[in-house]
Amino acid sequence: MQQAVEQATNPAPLLSVNNIEVVYDDVILVLRGVSIEVPQGQIVTLLGPNGAGKSTTLKAISGLLKTEDGEVTRGEIQFMGERIDRKNAEDIVRSGIFQVMEGRRIIEDMTCIENLRLGAFTRRDRQVQQDIEMVFDYFPRLKERTGLAGYLSGGEQQMLAIGRALMARPKMILLDEPSMGLSPLLVKEVFGIIEKINREQGITMLLVEQNANFALRAADYGYIMESGKVVLDGSSQDLLQNEDVKQFYLGGGNEERRSFKDLKSYKRRKRWL
Amino acid sequence: MSDVPLLKVEAVSLAFGGVKALTDISFSVNSGEVFSIIGPNGAGKTSMLNCISGRYSPNQGRILFSGQEVTHLKPNARAELGIGRTFQNLALFGHMSVLDNIMVGRHHMLNNNFFTGPLYWFSPAKREELAHRRAVEEIIDFLEISHIRKAIAGTLSYGLRKRVELARAIALKPDLILLDEPMAGMNLEEKEDMARYIMDLNAEFGMTVTMIEHDMGVVMDISDRVMVLDFGKKVVEGSPEAVMANEHVQKAYLGEEDPELEGTGEVA
Amino acid sequence: EDSVFVGHLADLSGPTAFVGKNYADGIRDAMSYINSHGGINGTGLEFETIDYAYKVPQAIASYKKWVSRNNMVAMQGWGTADTEALISFVAKDKVPVYSASYSGHLTDPTGKNPKTQKPAPYNFFYGASYSDGCRALVQWAAEDWKNRGGSGSPKFTHVGDNHPYPNAPKEACAEYATELGFEVMPPIVVSMKPGDFKAQCLSLKDSGSNYAYIANLGGSVVSLVKSCGTVGTDVQFMSNIWGGDKPIFEAAGAGVKDYIFPAMTPFWEDDAPGMSLVREISRESDASGNAFRSHHYMRGICSAYYMKEAMEWAKENGGITGENIKQGMYARQNWVPKGLEGVCLPATWSSEDHRGINTVNIYKGNYNGGDIKVERVTQVTLPRREDWLGY
Amino acid sequence: MNWGLLLQLVLNGLIVGMLYGVVAMCFVLIYKSTQVVNFAQGEFLLIGAWVCWAFLVHMQLPFFIGFLLTLVFMMAFGVLLQVIVLRPLIGEPIISVIMVTIGLSIFFQALMKWIFGVSAESYPRVFDTEVITIGGLNIEFAYIMSLVISVVIMVAFYWFFKHSRMGLAMRATAFDQQVAQSLGISVKRVFAMSWAISAVVSATAGVVIGMVNGVSDALSVIGIKVFPAVILGGLDSIVGGVVGGLIIGVLENVAEFIDGQYLHVGNLYAIAPFYVLILILCIKPYGLFGTKDIERI
Amino acid sequence: MSTVSLRPCGDFRTSYAADSTIFETRFTRYLAVAGILLLCLAPLVLDAYFLTLGIQVAYLGIAALGLNILVGFTGQISLGHGAFFGFGAFASAWLHNSFGIPVFFCIPLAGYMTMVVGMIFGSPAARIKGLYLAVATLAAQFILEDFFARADWFTGGSYGASAPPVNLFGYEFTNDQSFWYIALFALVTMYLWGTNLMRTRDGRAFVAVRDHYLSAEIMGINLTKYRLLSFGVSSFYAGIGGALYGHYLGFVSAEGFTILMSIQFLAMIIIGGLGSVKGALLGTIFMVMLPEVLEGIVGLLSATSWGNSTAFTDGLAYLKEMSIGLVIILFLIFEPQGLAHRWQQIKAYWKFYPFSY
């Protein structure tokens, strides 16, 4: 693959998270030494069960942790060779990392267009209007909704949140569960868009997803986190083949697809624990 | 009793200004069923649940619960009648502990008030609180969240919050439980757990379930009947297989051109 | 005993600090002057000034503290609200209070007048009561009306806040005005805080009032005079004793034309035998001796000196206790503290009547484009009417 | 019924109300961009008025120079306030920030009293014509001036929030500081700007009122008076703030009319707006122009 | 066991009753009882000055807890608490003066009267929320203040009313020493009441309404009822506090209950920590002690030659006021979530000590 070659020639990754520890509220230790590397131009995905610390990792990178009384107490985060774990969130955005936060977090008392314009807040060029049209092309539903964004349906808000990230044209996007609440058709479309802008605009992605199938298919590399630690990582091909991943994230290891109806009384133990 | 559906929605329409969120929707949910509502984003699914639980009042139509008209009852009155629900955008009490969040679900079953409650040791309040606490602990055990019992709900991760929401809704002891995308933000393993909880609720606790979900695997596997909405209109209603076979559903909702993804666990 | 404790309540920072500071300086300077000149025949005055910012609860708390912990024998007080609130306390504790509140309610020691709500046996003040002051002004107004050749009955309006201090003379004065043939208009409520009072001035103007009694003080008076000037009210202002002094005239500017107000002492520039002592006392806090002192300052001195002489009497007649000080106040008639002749007017207190002074000097102030002029208009001596006692 | 008086009072109310409106706008500005209810609004007025007074009286500067210097001073003051006091509170609960403004109010109220004393002081005469007559009512020239200024400020604010990039950023910050940061908006800059603008504009109002009524610590009560104005208009509406101010101004004066002519209870002037406020809120819970909260789950 | 453990270092509780107790260990319960007993002995050792402060903490603390129930627990900001406090004071004085009811019973009755008034003024809460409601309570503040100065029959008008001391079985609680017991009794009762309220049904409903009123309603909570009720409960507390204050001071004056007092109550609960019963008390202690401590510092200063100049002594009041403002600001900059939050953190820290995470 072309990107793999690039990576080989350019050893310093765009983003590297080195062994960070994160503490909330001065007392609650959530990440216990997490290291992640995201090479330039690639899509890297981060999988893991609820409460593993995925969102926390993203917030640590984007600097938003500080507004939640969280703190990186050990380790460091480097972006383009520069240390960013001490920087303000807004400066990090300016240096090119944009996060799509979990739970949509659109600005409810503004219209869709105003939300999109805000996505482009750090941009100074004149193509904002053009990009708004682009987002409306991706998500035609948004164009019809002229009222306040707070009245949009859950899925529509999710579209808006993704659209807002596209407006920013950053170097790197951190996506926290972009497919959440989207209809199956749209999930496919969103992953299509992610791959497209990664390819066309060369935007690097760090993707947190529960939909492991799609995520691993789209990504070049994957990490799996559990209870604040990375427990497994590898190229997406490798992960797709891994027995445990198949069992717990993709569904159906050896057999056909398991039915949700079959209650399991026996659970296979995870080997990485 | 069995001939009266637990929930009957008759020709409900709802519009916000120009937006027609629901147009002339009728359906009924029988006691003991798992009934799913699916449809594209913005189809009006959540609005439908809001009409049932009382957040919105429909412009037209009636809603009957166990044969009683509830169309214009306030939400809290409907909760007392036995309608519980979870929310698509989490709506927990962020600063309360998980335990207290779930205890709020018991609100309508408790009798102590601002006068007897504070007399705790000298009134029946203590006994009552503890009895309900016991029931709540059972729910906690059932949903396997005992490790976060004392955690503050607002600090939990997304998936855990969804679980607590479910617990709170169960605590209401509703006859009808409305679930708005219970599986969102869960990985496969957690979805499996969640599916199991829902089936248990249905089979063992005898709750009738009405659920909105985008994960077709789950919908197919555990629902008895499925209704499809699109642009506020009802498209079809029937058994999961029948619904899935519907051409409109396939095109507008599933986007069925990608057979490659089919066999891999999630019919995404 | 070589010292006795006197509490001093002052408003140095609250809504009446405008004049409160002047008066408090008078008290403080007089006390320290007394102390440095032999005290009460050898007994020192231990005193503490508390800035209670014109807040009643704070005043009561300070009072209770002094009584329980400092064994206070007398108190120099300030406002009407707090002094009236303390009436029963001080009567019970037998602590004479010299207030700067000239509320008529404080003048009936026995409750002889059926209108008296609470007898005030331990309250004293130096000066004519607000009610008597206002009565004197009304009396002057009646004459003024005649002199101007006004026909019909002139209209009188009380202008002030709904607050114990402005309210104190409200009924008494209106009653007397009616008696003198005035038509008394509904009072106009104007906040004690400065502000834009054009609305009230329009009302005043519309009512066609000829004489308006200003019951507030300080900034509020300034705003009132200015607002009414803008609106163009044609009314003769008469204020109570706290509402007329140089700083007010300076701030109110051109609006001050023939502004009538009472005073109980000479002014700083005036000559009187006692003024030399006043000037010396003033040096206690102003070594240069150049600082301007308003007439409130001098009333403060008088108040302290009446207390001083009553204490001297008490010391000779059984010791400086609250009860004896009270008796000391009754020991003489028509008296002026030694050294303050011409500054304090001769006063008489009796166990039946605490109206120390019933003579009111009335002055007229003019802004004159910055060259402020104050001249005496007349002197009114009011009868000590029984039905005026205590209100 | 005394129509002439009523008319004059209403006119007077409109003119005074316009000033409330200006202060209300400042209040809305801060609220709209930071969600903070500024209890120190009255002190901004007070500081502006005193500083300008000091320039004019102590330094004997000509009015316009003194006034401009005051505006510069207030801008610096607003920014400084943000840097020292408000910046550390970014991301903390809004109620804490509100409490801080209460602290600021206490602090500056005392500081001003300490520096400038408790007496009311007059501004030197600024305009040749101090009073002009409209419809039988004498009106201070300064008020007419301020009327013009307020309209200009109002239009500028309106445009600013509706169309400018920074205006959008301010609204976003008010909605959710974390989200704003995630969009690259500098919450600090937003705070600094809104506090500086608010300080400058309030100071203008302070100077105008000072010119008319003299300066004294009581100026700061305007800070409390704008509460009903702002709420009547709708907390987040610039236009609402102005309309609310006008309504309160007129209401006060009409109350004075009714009181003076018929009821004679006294003090209706100060209290009536609050009764009306409660009534209006019960009919229109978000004031006249306020946007409804989004109630959606 | 050689040392007494202050806190259990694991979850040893075996019953739900033990789990929902106020005091987490037997030790803390003993500690609390011992603390109260110790406080009962205070008049024997403490000088009247400290007793006065203690009494102030008691009556203000009760009212502050009430406000915290309204603001902290139910999320409805009130700017009129001072007026409700005043209403309680007047009501109690009025009940005694006009009907001769023994003061001891006037106090709770005044609480109930205030509760009714609070609910009347809180009734807009059925329709309005947030700051709009806050300003409606501001209206209540001014309307009540005006009422105090006008209602001669009830308050004695602008002059105020006298409030005789508490009298029980012929014993008059006039001085600080005896009133201390009344205050302590009221404080402990009202705080236990509040603590219990917050761990039972209605207390949870309050918090639910604050955190997410839309979902609270769907969980079966009657919003209007609880919004009003929280006004009721909070004014009840204010009324009790006010009544105690009135009878302690002996006189109730119409101008004592200004917006400043309301703001002071707000400061107490914000500094103490919103939504914490303990916080209300901590905040009250802070706000009562603050001026005293400042006074002490200033006292020390005035002993120096510089501190004795008139410019300084006359500015004292302003300096003190400024420092109060300043301390509030500094406090919030360093502890924006209030004392109760810090308390939690310290506890959490010690719980895990020496493994601080």
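Labels A, B, C, D and E are assigned to the chains in the order they are written; within every chain, residues are numbered from 1.
The rule is short, and it goes like this: a residue touches a chain if its C-beta (ideal position, glycine included) is under 8 Å from a C-beta of that chain, and two chains touch if they have at least 3 such contacts.
Predicted model only: the values in this text are computed from it and were never measured.
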item: Furthest chain, CA centroid comparison against subunit A; value: C
item: Greatest separation from subunit B - chain, by CA centre; value: C
item: Of B-D and A-D, pair with higher C-beta contact tally; value: A-D
item: Approximate Å spacing (C-alpha centroids) for the pair subunit C, subunit D; value: 37
item: Centre distance in Å when subunit B and subunit E are each reduced to the mean of their C-alpha atoms; value: 41
item: Geometric centre distance via CA averages, subunit B-subunit A, whole Å; value: 28
item: Junction residues of subunit B - those touching two or more other chains; value: 55, 87-89, 91
item: Junction residues of subunit C - those touching two or more other chains; value: 13, 21, 162
item: In subunit E, residues with contacts to at least two other chains; value: 149-150, 214-215, 218, 317-318, 321
item: Which pairs of chains touch, using the document's own definition; value: A-B, A-D, A-E, B-D, B-E, C-D, C-E, D-E
item: Subunit C residues touching subunit D - in the complex, by the definition given at the top; value: 13, 17-18, 21, 162, 186-189, 191, 193-196, 198-200, 202-203, 206-207, 218-219, 222-223, 226-227, 230-232, 247, 250-253
item: Subunit D contact footprint on subunit B (complex, rising order); value: 50, 55, 87-89, 91
item: Subunit D-facing residues of subunit A, complex; value: 62-64, 66-68, 88-90, 93-94, 98-99, 101, 105-110, 114, 117-119, 121-122, 148, 150-151, 164, 168
item: Of subunit D, residues touching subunit A in the complex; value: 90-91, 165, 168-169, 171-172, 175-179, 181-187, 291, 294, 296
item: Subunit A residues touching subunit E - in the complex, by the definition given at the top; value: 23, 25-29
